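One chain, subunit A, appears in both complexes that follow, with subunit B as partner in the first and subunit C in the second.
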Partner chain A sequence: MPFPAKGVTERMKVIACYKWVLDEADLKVDAKSRALLTDRAKYKISEYDRNAIECGVQLVEQVGGEVIALTAGTSNAKNSIKDALSRGPAQAVLVKDELMGQADSAVTAKVLAGAIRKIGAYDIIVCGEGSSDEYSQQVGIRLGQLLEIPVISFVNKVEMKNNVLRAERKLENGIEVVEVNLPAIITVLPDINEARIPSLKQILAASKKPVQELTVADCGLSNADLEPKVHRLSVLGAVMERKQVRIEGDVSEMVQQVANIIKKEVSC
Partner chain B sequence: MNFSLTEEQRLIQATAREFAQTHVAPIAAEIDRNHRFPEELIPKLAELNLLGVPYPEEWGGAGADNLAYVLVIEELAKVCGTTSVIVSAHTSLGTWPIYKFGTEEQKKKYVPKLASGEWLGAFALTEPSAGTDAAAGQTTAVLDGDEWVLNGSKIFITNGGYANVYIVMAMTDPSQGTKGISAFIVEKDAPGLSIGEKERKMGIRGSSTTPLYFNDCRIPKENLLGDLGKGFKIAMQTLDGGRIGIAAQALGIAQGALDASIKFAKERVQFGKPIATKQAIQWMLADMETRIQAARLLVYRAAWNESNGLPYTVEAATAKLFAAETASYVTNRAVQIHGGYGYTENYPVERAMRDAKITEIYEGTSEVQRMVISGNLLR
Partner chain C sequence: MSKIWVISETQSTLLELLAHAKGIAQGESIVAWSFSAEDAQAASQQGADLVYHFEGLKRPEDCTEELIKRAKAELPVAILCGNSKRAKEIAARLAAALDVGLISEGFNLKRNGDNFLSDRYIYGGLCVTTQEVTAKPFMAVMAAKMAEPLAKGTSCPVETVSTPESNVKFVELRPNQAKCDICGANVVVCVGRGISKEEDLELARRLAAKLGGEVGCTRPVAEDLHWMPEEAYIGISGQTVKPVLYIGLGVSGQIQHLSGIRDSKTIIAIDKNENAPIIESADYALVGDLYQIVPALLNELGA
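Our next item is the complex of A and B:
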């Protein structure tokens, strides 16, 4: 069913959502308690969200317009703004609240939806398919429900033609090509593009771009709206037990032993 | 005191790291093996403004500071000594003298091309019989009408054959000693300039190191850089800044070798356990880390001084001396931790150990740095 082209702006306006997450490369696991040690971990823009920003920037390079980078987080998320802006968006919007530290996907979507309503008219919202830290793959879809606009997920390729967005969805069994009238949300896979490395001039120019800071109240929400329905009880490092099987003998014996082990493992 | 990088410096570091991992690391071993200058990297470096980090935007540069420049060199050197010295020699030695001492016309003609990375720069001081004793150079420059005529030769010129512009020191008045040396801007296609064969070196093998031959080489009169007779001073001041770049290169080589050693020590199993569980290895890693941290503080401090208009000659010498000796120490230990594997070309620490050695030699040997440091103490 075609959706009405409501809210379409004169110059295309793309909102690229991103999450400021702990860099998993810096995470260490305490050997005894399996607790994650994050005291020396740095933050970064979630990997797929970099592709989301890049997708927005490439779309406006193609048809004109501007990208607004949008994030919601604790005060720590403020440190993400220059990074995001160095990747091409013309401006950034940050919704800041310490309660965002406990936000689940539903809360994040509510806050982003509130911020987007505050921003006003838009054409396309781009999200990463999932975040590097939790990868719940829910925010984009929930956002579509809240804003009552269509969502195209698993997007691998995208192009604009006559105000219609055509996207390829990479599904398990093949590629689905869909078209949608704007406004719409797309959630993108990392294959969609290679996020560009910001140049030094782009980094230094980022501090001159406009940044809007919003509170939860600015987004029409109260603290009660930020109460998550999912409560994280613990996060522990995964332990992979090695079986340390040593295979000896001549080649044919060793091959047979490996085959036996595989058969046994598969049948378990 | 504030030991934190600014947000911009952290982002610049991240850009350099990503560039190094994406574009440099995959070819680092190959360019070393084949003694191949990585020409394909130059436009990519230029695109990210990595060939003019500390120069203002209006002059074609990135508009960042010297600490940001040092961070860039360090990140490149972590994966490739060659690439880091191409950038360092171009930025500190090939571009800076024109930016600092050039006339408005010279600056307008050359700096935007160099700082944007459209052109590469190089610096020519060393001669076959004038290394540390740089004042013993025999290359001459004689004014003939509207042209300077250069005769003589230079050796060990980094970026030789690939540079578009060479800063050349030549004797204009032999009776005046160091005060008879002047600096010149020589374009690569100046008549009478020829480039010799590339040296086959122990390390930084992808970097082009060549002799330059001047045989009645004619350049316009206006290509005298700075005042007549001030060439030695220009060269020494240029090397002060250059040393910070080489110190950053040494720091990066050391850090890259430590990173590789930590990874190897965790993976390599002997006697049923990773060798990282052995105190012998742990202590080596601790000593490597400690020296690297100390070197980093010296290098960043020297760059910070330069950016803030403070004296940095001694700081640069101290940083280069310690960082270079740290690079040699750390890469030597890194090969030891890797054992027999570390002695093969299959692991990057072998290349790092060869690359490290040059940092104790070029842009002033460690002995020259000690002369500079002690000279300041005893004056």
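Our next item is the complex of A and C:
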């Protein structure tokens, strides 16, 4: 298959998608009812997506062009824009709809696909491999399928060479190297890079960058398209039934007790 | 006749999926999609009613367009996929093309007529959610090692399928150098940040060797310190282990790590911080200096 001499756009255009999620470090579970307590939780850009944005920014640093940060969420997601833009993208696009609060992966992928069609020509889309809240690991892959472009999932190294995107995927049994023509989508693993911590200058510059807000209708979708396919019936704190025995005493006493426990479990 | 599909590029997972499929089948025939002649043969004897074998693929993912075409024509009742990265890609693309939901790393699969229920962990393993899907086909990537392969029976037919070229060009596959056996190990000794020097991994290695086990680690030990291969780290985005005995040495027990050890039979934690989350999540906790405890333990065990 012959590779084209040029990318799809004149200057490379990268779209980095991200999700505005509850910071799982702030979440608590009520010990009695096992209810999830979110009232003290702040929001953040999903960790995996910070690597996606960083990947996009590093790509355009290498070959020129710009990164558009794209997210879809409720009005609360507006609070993410400044953080996203301080990480290097030139502009941000937010699809805002209160129904996004119930979105599953199928809905999110459809909304992002609609937004990207609205944005127009692009070369590369970068998504995190999953989100730090749901971790369904499918939005980026679904997005590629909906846009009918090549998908490279679980990438931990990427480079542009003569307008061909070459990526390394970290799989269970080794590293797979593949190449695709643009436009294409990659989903990246956390170890692809270390996401930058924005400097004060970058944070200040972020508020001057253009932001576009879209509705679901702008993306060519109806409310019916926002109906999730997967219905969440319950959310409960995960329980791990453990004996929770403290082994105490001085080192030799502790060691003797634990050695006996070990010998009961395994013959050694 | 309606069907349940199972898809995996590894034999062990394919056989587990056949067992899951048997568990939810209500008269449907079970169709297995496999990627090698050996896997096709195994599937044909262990639960499948019909096996397709994709031939000549450079990458298993290259089957996806063909699967989409056939799924649209056949509309299976359910499609169960393996939880490797390759199978997750196939599953997500198939789900997008069919415009259906996909439950990732599902377990406790239940069926109520045309409704399917499955549990999965969210928020890094902090919570478990029960999810319901009512539209056909139900799709799930099943969590591994939740089913025993079915007993061998008579073989069902195997048909080969070939597919057109993919838009992703395969260049090479570099197999992992270090073979990592923690997933199948009976005993896992796991090192965390409480180990202060790379040389001290030797303590863990000696303990594991004495117990006939393997050494694993937490994510920072592999990804930040690079003391161990990435294949050795245990946690929600790494390996999931289910040993008879897990011993954490200087492991604090972040929720993401605990998710990867949840199904261990017995958990022993040795850490100097009594407020570390692993202390509450262990069967037996030793609060103290691992540099005193572990050498004494090796001595006690005669290592």
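Here is the rule we go by: the second predicted complex is superposed on the first by the 236 of 268 C-alpha atoms of A that agree within 3 Å, B and C clash if a C-alpha of one lies under 4 Å from a C-alpha of the other, contacts with A are read in each partner's own complex, and residues count from 1 in each chain.
Going forward, a residue touches a chain if its C-beta (ideal position, glycine included) is under 8 Å from a C-beta of that chain, and two chains touch if they have at least 3 such contacts.
All values reported here derive from a predicted model rather than from experimental measurement.
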Original post:
Which holds for A:K229: it touches subunit B only (first), subunit C only (second), both, or neither?
Top reply: second
Original post:
Which holds for A:I197: it touches subunit B only (first), subunit C only (second), both, or neither?
Top reply: first
**OP:** State whether A:R50 touches subunit B only (first), subunit C only (second), both chains, or neither.
**Re:** neither
Original post:
Is A:R87 in contact with subunit B, with subunit C, with both, or with neither (first, second, both, neither)?
Top reply: neither
**OP:** State whether A:K19 touches subunit B only (first), subunit C only (second), both chains, or neither.
**Re:** neither
**OP:** Report the partner of subunit A that touches more of its residues: subunit B or subunit C.
**Re:** C
Original post:
Between subunit B (first) and subunit C (second), which does A:K96 come into contact with in this model arrangement: first, second, both, or neither?
Top reply: neither
**OP:** Once the two structures are superposed, pull the subunit A residues common to the subunit B and subunit C interfaces.
**Re:** none
**OP:** Sort out for me which residues of subunit C touch subunit A in the complex.
**Re:** 59, 84-86, 88-89, 91-93, 95-97, 99-104, 117, 121-135, 165, 167-176, 186-187, 210-213, 223, 230, 236-237, 244-245, 247, 255, 258, 262, 265-268, 279-289, 292-293, 296-297, 299-301
**OP:** Within their complex, state which residues of subunit A touch subunit C.
**Re:** 1, 22, 24, 27, 29, 36, 104-106, 109, 130, 132-138, 141-146, 150-154, 166, 169-181, 189-191, 228-238, 240, 242-248, 251-252, 254-256, 258-259, 261-263, 265-266, 268
Original post:
Within the complex, which stretch of subunit A touches subunit B?
Top reply: 79, 82-83, 86, 197-201, 203-204, 206-207
Original post:
In their complex, what parts of subunit B are in touch with subunit A?
Top reply: 7-8, 11-12, 14-15, 18-19, 22, 47-50, 53, 57, 62-64, 68
